[in-house]
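Given below, in the form of C-alpha cells, are the structures.
Two complexes, one shared chain (subunit A), two partners (subunit B, subunit C).
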Partner chain A sequence: MKQIVVACGSGVATSQTVASKVNRLLKENNVPAEVLAVDIKSVDRYIPSSVAYIAITKVDKEYPIPVINGIAFLTGVGQDAEFKKLVDAVNA
Partner chain B sequence: MAHRDTIYRELIQLDWEVADQTEFFDKMAAKLVELGYVKETFADAIKTREANFPTALPVEPFPVAIPHADPQHIIKPFIACTRLKNPVKWCEMANNDEEHDVKFIFMLGFLGGHGDADGSNEHVELLQILVMNFQKPEVMDRLVNAKTEDEYMEAVLSMEGL
Partner chain C sequence: MSVLGDVINWILSLGAAIFVPIVIIIAGLIVGMKLKDAVSAGITLGVAFTGMSMLISFMSGAIGPASEAMLKNAGINLPIVDGGWTTLSAIAWSWPYAFAMFPLMIGLNIVMLIINKTKTFNADLWNVWGKIFTGVAVTAVCKPFFGTGIAVAIAFIVAGIQIIFELKMADMYQYRIEKLSGIPGVTCTHKMGFTSIFMFPIDCLLKKIPALNKRFDAAVLKEKIGIFAESHVLGFILGILFGVLAKYDIPAILTLGIQASASLTLFPVISKYFMMALEPISTAISAFMNKKFDDRTLVVGLDWPFMGGANEIWLAVFWAIPVTLLYSMFLPGNEILPFAGIVNNAIAVAAFLVTGGNIIRMLILVTLFAPAYLWVGTIMAPFISDLARSTGAVSLKAGELISCSSIDGPIQTYAFSHVFKIMEGEFIPLVLCVIFVVCFIALYKYLGKEEAEGKEIN
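Here is the complex of A and B:
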C-alpha cells in the first residue's frame, strides 16, 4: 500500500476532509494507496515515505514527489485532473 | 452534536458593514468572546492563522470564506454565518496570491482535531456538506435574498445534508 500525505494549516478540518474524499476515490478506483492527514509542521517528515503530497496551503518549497492541488478535492472543481495526477504518481 | 445544532441564531450576522477583513475578525471575535464561544486568545489566533493559511474558497457562484482557528481557543463549537453588506478582500486557500471579494463567511469553531477520532470525523462531514451546498445556485440565492436573520438562518438550515 503506497502512502499519500495531505496537510493543512491547523489540521482541524480541511486536511481530514480532503483525506476522506481522496481515500474514497482511491478505493472506488481500486488504486492501492491511502492518504494520511498530518499537521503542516510535520509534513516534511512524511515526504520520504510518500508518493505524492496533496497541498491545501501554498507550497513555496520544491518537493521530490508530485504536489497535488488539494482544494480541487474540497470543491470538486478540477478534481478529475488532480486525481489523475495522483493515480499516475501511485503507479509511477 | 448534530451539525445543525452548532448553528445559533445569535451568531447570524446580516449585512454587517466592515472596512476590511481585520475589522470583520475584530468585530466577530468580540461578539464570540462576549457570548462565551471562544477564549480571549481567539482574535489574535484567527488573524494569524488566516494570514498564514487563507480560507477563501474559489467556488461558483460566489466565493465563500471558511475561517477557523486552532481548537484550544474554542470553548463551545459553533458555525457563525455572516453576510457582509459590501464584500471585503480575502485570499484564496492554498493560493495566497489570489484575492476574492467575499461577502459570505462561515466561521467554524471546532473542538478536537488530529488524533481526536470522534471530533474530527464530524468536521470532515460538515465541511463536505457546506462546500457542496456553497456550489448550489439555489442555496446561494436564498442567502442572497434573505431579508432577516431568521430567513438567513432558515436558508442555512435548508442546506442538503445539514
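Here is the complex of A and C:
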C-alpha cells in the first residue's frame, strides 16, 4: 500500500472529505494506495513517506513528490484529470 | 400515531451512538447508497460518537482536577471544559432534528439559484452542523417562551435565514477570495466569516492610520513558530501551563502535559470518523446539485482550508493562542478554560477576509474580538451540556459543563439565537442583529465596488 497525503487546517474536515472520496475512487479502480488526512501544520512530516501530496491550498513551495490539485475533488471540476495524475504518481 | 411516537422516543432513548447511525443508514439509502455501504457508514458514526465520548471523559478527567486546583491556588475560576469544535459538532449531530437541516439547506440553495439571487452552490455539506448548532441554540432559548414544537419550528426558520446570509456572504467575498487565494471558481460559505461583518466598521477606522497599511513577509515567521501550534506540542505546553498554575509537583505536571497532549492529538483522529461516515451522503448530494445546474457557471462554496496557503492566517491563529489564554484568566464574565478549542481558525479567517490579508490590522482585530469567543462559549455552555447529557452524545458528570472556546461566528450565533430573549426585556441580541444587517449591507456594497473596479487586493 502506497501512501498519499492530503492536508487541511485541522486534518479533520476538508482533508478527510477529500481523503474519503479519493480512497473510494482508488478502491473502485483497484489502485494500491491509501490517502491519509493530516493537519497542514504537520504535513512536512508525512511528505517523505508519501508518493503524492493532494494540496487544498495553492502551493508555492517545492516538494519532492507530485502535487495534485485537491480543489478538483471538492468541486468536481477537473476531477478526472487530477485523479489520473494521482494514479500515475502511484504507479511511477 | 402514539405508537410511532413511542417508537421514536424509544430509539432516541438509546442514545446518540445508536440513533444517529440509524438515521444516517436511512439517509444513505435515500440518496442511493448500497445497503452494505450505508450500514458501514452507520457503524462508523457509532464508533465516532463512542470514541468522542471516551476521549472527552479522559480529557475532563485530566483537566478538571487541574482546573479546580488552579481555583484553589491561583484564584482562577474557569469551570467550563473546552471540548473544541469537534465536540460541538458531535453534540450538534446528536440533535434529534439534525438531519432535517440537509433538505432545508439544499432546498434554499436551489431556490436562491433559480431566482438568481446567488451564484454560489454550497458544497460544504459537512458544515450543515453549523446550521444545526444555531438551531439547537434557538430551540434552547425559545422553549421556555413557546414550548418545544414552536421552538423547533423557529429554529429552522432562523437556520434558514443563516443559510441565505451564508450564500450572500459567499457571493460578496468571491472576487476577493479568488484574488487572495489564487484559486478561481470557489468561495467560502462558512459562518465563521460572519465575524468579519462586525469587524468591518473597526477595520474602516484602522485603515485611516497609515502605519497600519504596511505589509511584511509572514512566511518566515510562520516557519519558525509553526511547530508550537502542532496539536501534540501545543497540548503539551498547555498541560504544563495548567499544571504549574495548579501548583502540581513535577511528576504530576509532566503527566498532565502528556495527557493534555494526548487529548489534543486524538481529537482530530476520532473526528475523522464523522467525516468518513458522512462523506458518501455529501458526495451524492453534490453530484445531484452539479447535474441540476449543469448549464450554469456557479462558484462552489467550500469550508475555509483552501485559503490556508496564506501565511497571514496562520500568524493570526498563533497570535490568538496567548491572547485567548490571557483573556481567559482576566476577562470578567468568562468561565471557560481554553483547551481543545484554543486553535481558533475562525477568528483568523474572519480577520483575513475583512482586511484582505493585512497582517497588522488582522492582529489588532483578533485582539479586539477574542473576548467575544470566550463570552459566547460561556453563555452557550449550559444548553450545550444539557443536549449532550440528554442525547448521551458525550458523557458528562453531574453538574459538569462543556462548551467550546472558538464557536464559529460567535456574535452572529449569539445574536440570531438569543434575539428572542427580548421577551424578557433583554435587548442586546436584537441590537447586535440590527448591527449585523446594517454592516452586512455596507460591506456588500463595498466589496461589490471593489469587484466592479477590478481592484488588486493589497
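Going forward, the second predicted complex is superposed on the first by the 90 of 92 C-alpha atoms of A that agree within 3 Å, B and C clash if a C-alpha of one lies under 4 Å from a C-alpha of the other, contacts with A are read in each partner's own complex, and residues count from 1 in each chain.
What we mean here is this: a contact is a pair of C-beta atoms (placed from the backbone, for glycine too) under 8 Å apart; a residue touches a chain by one contact, two chains touch by 3 or more.
All values derive from a computational prediction rather than experimental measurement.
Touch criterion met: A:V77 reaches subunit B and subunit C at once. Once the two complexes are overlaid on the shared chain, A:A92 sits clear of subunit B and of subunit C alike. Using the contact criterion defined above for the overlaid structures, shared-chain residue A:I56 touches subunit B and also reaches subunit C.
Using the contact criterion defined above for the overlaid structures, shared-chain residue A:K21 touches subunit B and also reaches subunit C. Contacts of A:C8 after superposition: both subunit B and subunit C are touched. Of the two partner chains, subunit C is the only one that A:K41 touches; subunit B does not reach it. Common to the subunit B-facing and subunit C-facing surfaces of subunit A are residues 8-14, 16-17, 20-21, 37, 39-40, 56-58, 71, 74-77. Across the complex, subunit A meets subunit C through its residues 8-17, 20-21, 24, 37, 39-42, 56-60, 71, 74-77.
On the side of subunit A, the complex with subunit B involves touching residues 8-14, 16-17, 19-21, 37-40, 55-58, 69-71, 74-77.
The residues of subunit B lying in touch with subunit A in their complex are 49, 52-53, 57-60, 68-71, 93-97, 108, 110, 112-114, 120-121, 123-124, 127-128, 131-132, 135. Interface residues of subunit C facing subunit A in the complex, by the touch rule stated above, are 86, 123, 126-127, 181-183, 185-186, 226-227, 229-231, 268, 271-272, 275-276, 279-280, 282-283, 286-287, 290, 300, 302-310, 314, 343, 345.
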